[in-house]
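There's a structure below that I have some questions on.
Think of it as A, B, C, D and E in the order they're written, each chain with its own count starting at 1.
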Amino acid sequence: MEQIVQQMINGVSLGSIYALIALGYTMVYGIINLINFAHGDVLMVGAYIGFALTGIFGFSFLPALVISMVACGLLGVVIEKVAYKPLRGGSRISALITAIAVSLFLQYGMMYFVGPESRTYKDVLPATQLKVFNTGAVIDIKSLYIIGITVLLMVLLMYITNRTKVGKSMRALSQDKDAAELMGINVNKTISYTFFLGSALAGAAGVLIGIYYSTINPLMGATPGLKAFVSAVIGGIGIIPGAVFGGFFLGLVETLVSAAGYSLVKDAVAFLILILVLLVKPTGLMGYNSAEKV
Amino acid sequence: MKEMLTKKNAMKTAGILAIYLAVLLLMNLGVIDSYIFLNMVTIGINIILAVSLNLITGFTGQFSLGHAAFMAIGAYASAILTAKLGLPFIVGIIGAALAAALAGVFIGTPTLRLKGDYLAIATLGFGEIIRIVGLNWEYGGGAMGLNDIPRYTNWTWLYALIVLTLVVISNFIRSYNGRAVISIKEDEIASASMGVNTSYYKVLVFSIGALFAGIAGALYANYFYFIKPDSFGFMKSVDILVIVVMGGLGSIRGSVISAIALSLVSLSLQSIPELRMVIYAVILFLMMVYKPQTLLSKFKSPLRKEA
Amino acid sequence: MELVKVKELSKDFGGVKAVQDINIGIEEHEITGIIGPNGAGKTTFFNLLTGIYTPSSGEITYHLNNKVSSRHLKPQKMAKYGVARTFQNIRLFKEMTVFDNVLIGYHCNMTYGILPSILRLPSFFKGEKAANEKVTELLKIFNLYDKKDEKAKNLSYGDQRKVEIARALAANPRVLLLDEPAAGMNPNETNELTKLIQWVKDYFQLTVVLIEHDMSLVMKLCDKIFVFDYGHLIAEGTPAEVQNNERVIKAYLGGDYVAQA
Amino acid sequence: GCGAKASTADAKTIKIGLNYELSGNVSTYGQSLVNGIEMAFKEINDKGGVLGKQVELVKVDNKSLTDEAANVSSRLATRDNVVAILGPATSGNVKAALPPATENKVPLISASSTADDVTLDSNGKVREYVFKTCFSDSFQGITMANFAFSELGFKNAAILRDNTSDYSKGLTVNFTETYEGLGGKIVAEEAYQAKDTDFKTLLTTIKASNPDVLFVPGYYEEVGLIIKQARELGLNVPVLGADGLDSPKLLEIAGADALENTYYSNHYTSSDTSPDVVAFKEAFNKAYGADPDAFNALGYDMAYMVADALERAGSADREKLKDALAATKDFKGITGTLTMDEFHNPIKAVTILKIEGGVPTYFMKQEP
Amino acid sequence: MNGSSRPIWEVTTLLKLNHLSVHYGAIQALKDVNLHVEEGEIVSLIGANGSGKTTTLRTISGLERKSGGEILYQGKDISKTLASEIVKLGISHVPEGRRIFPRMTVFENLEVGAITRKDKENVAKDFQRSFELFPRLLERKNQLAGTLSGGEQQMLAIARGLLARPKLLLLDEPSMGLAPLIVEEIFNIVRDINAAGTTVLLVEQNAHLALKYSNRGYILKNGYIDLEGYSKDLVNNDEVKKAYLGG
């Protein structure tokens, strides 16, 4: 019993991290249809900013989180302007390769400055383990923070994209750039805004991951980035609740697979599920059917 | 038959032979030493990989991020056949080609329905699955890999297989099959309405592409003597894709030139480790923005009429 | 002879009944028009005829070389059966040349296999030669031969429509389906197109089915017209009959139509 | 091949090639080793060099990729005319790098590739030009199994290993064989992948199997997290590891409390008070602003060992150097006293450390 | 005849193209085009396929950039203004080929049409009006726009363009793909909104209708203005008749 409850908790905790990263991924993909491979690396930068703020300048959790979000948001805007904008309207593959280039640039640029070795976060959140009823299972209070923040950001994002003008502009832009301009939507501003939001989310995720796992390194963004992307696709990329759903789903599946003794192939299973989901529902579990009509 | 015996074809054949003999001579004279040859092997393998991926991604528009997986399958197949079972290289090559082509059918069939980025992600997932299976495959050495694979790859094999790849793929493309494949990339629904069996072609192209990637894997394993699953990871697939994109989607000649160019770039960056990847990233980015492939494309004509 | 028989054909999309209980027969060597208000289900009907959609109920039977019924309709098989089409939103292979676009149309008549193409066996050269001849002929008919090396996307709208028709004809079809061939053409160009369709139909002995909102073309060309509204067949007959049908005037043509035409 | 012109004996400097993982996914280890090596040669050069000549390092990056490792090896041997190649760091890359070295008859020495088959080919024959200066997996695995069973008296062990690392795999195999041979029981064996950060699922499973002890053959980055998360989940059994744990980072990551009851095998104790070790630590700290880890120390020792062999060889000749390396005997380094055995593996004592209050302290020594 | 029935001194030029040229790479699509639209007019732009009609409209609304000349709107040069800003100045463009947002519902498409507007109550009224004009859209309110039939999409595009409440409406082939009945309705709507104060620049293949409903017209040929004049004169011009009205 204890084991089952504990594993569920492990799954949800892991899933919440995927979900948090997936939000930003989905956001950017949803608007400019770019698999932003650099998302995970913006997260890494966010983690280092958080590290510097808490570890060196002695900031506490909340200000560090907010500053890191803003800084990453700005970084995202700059990345878009410098790297992606010149390729707008070009081929998808070129854009994808550019995203990979940005990813490498951030990874190794950071490595050049801080070295390849990992750094350790100070404990800025209480390192308390809460007992879950009487089962003997425990949950890390940091997990609760992450889950809470993920859900909060999800609701906020949903509100922004579905209810606000900016959100509608983003969606219109994603579907037809010229037509959106003709409606009075400023393409550059809207894309910048999207990147700001998406990258700020990565910044938040970076700080939280840094705090949760306590170690960070310049290559830390790659794997969770990929997993989060898989989550976003499973949930239906571009769909905000889909990303969160996908994140939790993937977290739980990985945990269950590991718990069942197949930890070695858990990533393979994750990808297998991804492929299966795509086969059954090519636009993800919560995705729209494509609206192409002949 | 007379079409085959045109002057142009004769010239081509003579050119191909001349290159072969010239390199052979230079090797015997010691002008091409082991280091140069090693780089030639790398370039040759990259050419085969890039041209075969170009068939899938450049010509057919099937976005694949898992090409290295087919190479891995070929490499392991050949390694096992030649090293563990002690069979001759030709068996290794054929085994590699067949195993990889089979994998191509295996991944091509279910992912038929997927388009664009979704296909890219599915193939990425496929690549990872292959890698993870490799890591856990005791017989294949798991994470420790396989070593002491006999070195059979020599200039003759390398050159013959490069030529084979180029001839097969370019002849395929310059036939009605090739046109069908290109039309799928342009507009799948219209293509189907013209009677192109899109499913068949997609799977076919995946397996032809995989077949040659498998051959590349065999050349790799039997030259570099040691393989492990991580040698064929996501970044390897990306590297191949970069060659293809830089050379120009749908340009075989471009793939060849860019395989050579990128290998040289990589070599020249070896000695500046601290900034190697940063510079590489910047180069990638500049290439995507300034598109040197448009220069190449002036020379290309994938659909040149033959008859 | 009835070449296509449509029985009780319906297609729903969720709640939308795009096509409902359609019964139609299409005669060989005739030009059949499908008209009706926007959203009446005409394009959907074409998509059913070409296997892009599967019917919710009902049946389509082709009496071509073989009898083919709707269960066996698949987009990529239609050309082989002898049915070719064009699209309401032009779907050319944009980056390919005009010549290659039409060459793809010939695809289903190609017989040499993969091996001959890789080994460049004589059958390859024979097949390619026949294809090139056919395409050249078509391009000349459509007055597009001097544009054969242009990329399709660089052509004007009207020329693109013509390339689409030429591409469809390259398949050597017996039935040609045209979805709004005159859309985006001015009256002059429409006149030319009208003549061209008539000529092509006679020359290649085709059966033509077309959807069109331009009544000048429809009335001149069609032997028979079916009128759709909200997925239903509301009228059928010769142009003269349909033109004077109260229901058709009310639902589709409008009061001014007669005066204007 | 063109090994003939490779003699560097008359050059003004002695060139030594570094073929290391300086970018890519194991660049941390490559960089650590290079730091140690560079520091050592700087000291050596400051003291007048080797054979009266300065040593020139040709440092080349292999991107943590096997084909690059082979390429670099070939380049160093043929283009840069080095007298020896140091590196790469991981066994896989060493295996890829050794054919060109062998082909061109350049000695290749690795300070960190622990796999048994690095120096032995598949027929069990020694590879003439390949040497290593670190323990073999079999040695540490067996030592720790003995230690766990006989010394600490634990009968049920759980293993959590790194599935992507041959080092971890090698240790696991040897540990398991010995431990089970002694009559112990492996109650759980789970595996993760390098760069994983979340081990709670695996640890929950392991906890449920009620082990007496947890063996974690891996590197400090992951092991630090594992120990930390194990304690968070209430898995408080003693933890055993190998030299991959030796790094100040381990303490940083896991924290002193979590590390209580952790033992690992190592070449030396960084808390050692012998003057050599203290001097090394101080010098390193001065150069790099951090305490040395095992890789730093191993790189440093390897450099001195090569210098020593060159002196003994009497000239910067590849063949002579190879013979001198093979004849290394009782070479005294920071990481202990080393003698090359006939299989080009080092014979040196293993020290078992126990972490107390965050400090790895000498627990016992096991002679080879 | 709204515009021309006003006293001459009240007529102001809303839009003026002076020597406008546009290139697509090496191809020159517009050559020294001079054109003006007075406030309150309906002006039609007619020409064969590829003559540059669409290009003209796209350049006015900022989607293409000129290579020479100027575009004066209310006396100010807007040829360097962003497309999104031009909308805010009161120019709304219903593009060729509909360009609706396929994965948004019909309703959301309309909302985006009014995205720059701040007058909430009026927007609500205009929504009402859109649905009165096109009852089909009301029926399909929550359908994804991409699945609408061709004609329905065209209606949506027009309705969406009107929701910006423009001073100047640019229409690119509004009748394309529409049923005859609807075509007429559309032109009546154009006339109505024109009467209510919106100036219209109309590109149309159906030259009969275009000239019937407009005050003045321009004929484009290979990128330059071939002819211009009052519509009633153009209809009777032999050259126009032969080339554009089908004889």
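Here is the rule we use: a residue touches a chain if its C-beta (ideal position, glycine included) is under 8 Å from a C-beta of that chain, and two chains touch if they have at least 3 such contacts.
Which protein is which chain? UniProt says A, B = Branched-chain amino acid ABC transporter permease; C, E = ABC transporter ATP-binding protein.
Nothing here was measured: the structure is a model prediction, and the numbers come from that model.
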- Query: Looking at the contacts, which chains touch chain A and chain C alike?
  - Reply: B, E
- Note on the structure: In the contact graph of chains, the distance from chain B to chain C in steps is 1
- Task: Name the chain whose C-alpha centroid is farthest from the C-alpha centroid of chain B.
- Result: E
- Message: Measuring between Cα centroids, which chain is at the maximum distance from chain C?
- Response: D
- Query: More C-beta pairs touching across which pair, A-E or A-B?
  - Reply: A-B
- Item | Centroid distance [mean C-alpha coordinates] between chain E and chain D, Å | 74
- Note on the structure: Separation of the C-alpha centres, chain C versus chain E, in whole Å, is 31
- Task: Go ahead and note the Å separation of the Cα centroids belonging to chain A and chain D.
- Result: 36
- Item | Whole-Å gap between the CA centroids of chain B and chain E | 51
- Note on the structure: Residue numbers in chain B touching two or more further chains are 135-136, 189, 274, 276-277
- Task: Two or more other chains in contact with one residue: find those residues in chain C.
- Result: 43, 52, 87-89, 91
- Indicate the residues of chain D shared as contacts by at least two other chains. 23, 163, 193
- State the interface residues of chain B toward chain A in the complex, per the touch definition above. 57, 63, 110-111, 113-118, 120-122, 124-126, 128-129, 132-133, 135-136, 189, 238, 241-242, 245, 249, 274-278, 280-282, 284-285, 288-289, 291
- Item | chain B-touching residues of chain D, taken from the complex the two chains share | 1-2, 20, 22-23, 59-63, 65-68, 70-72, 74-75, 77-79, 91-92, 95-96, 99-100, 103-104, 115, 117, 121-122, 163-166, 169-170, 193
- Contacting residues of chain E [partner chain C, same complex]: 46, 48-50, 97, 136, 140, 143, 147-152, 154-155, 173, 176-185, 205-208, 242-247
- Task: Enumerate the contact residues on chain C facing chain E in the complex.
- Result: 13, 16, 36-44, 88-89, 155-159, 180, 183-191, 213, 215-216, 251-254, 256-257, 260
- Item | Residues on chain A engaged by chain D in the complex (per definition of touch) | 2-3, 6-7, 10-11, 13-14, 17, 108, 111, 115-118, 120, 127, 129, 136, 138, 140, 209, 213-215, 217, 219-220, 222-224, 254-255, 258-259, 261, 263-264, 267
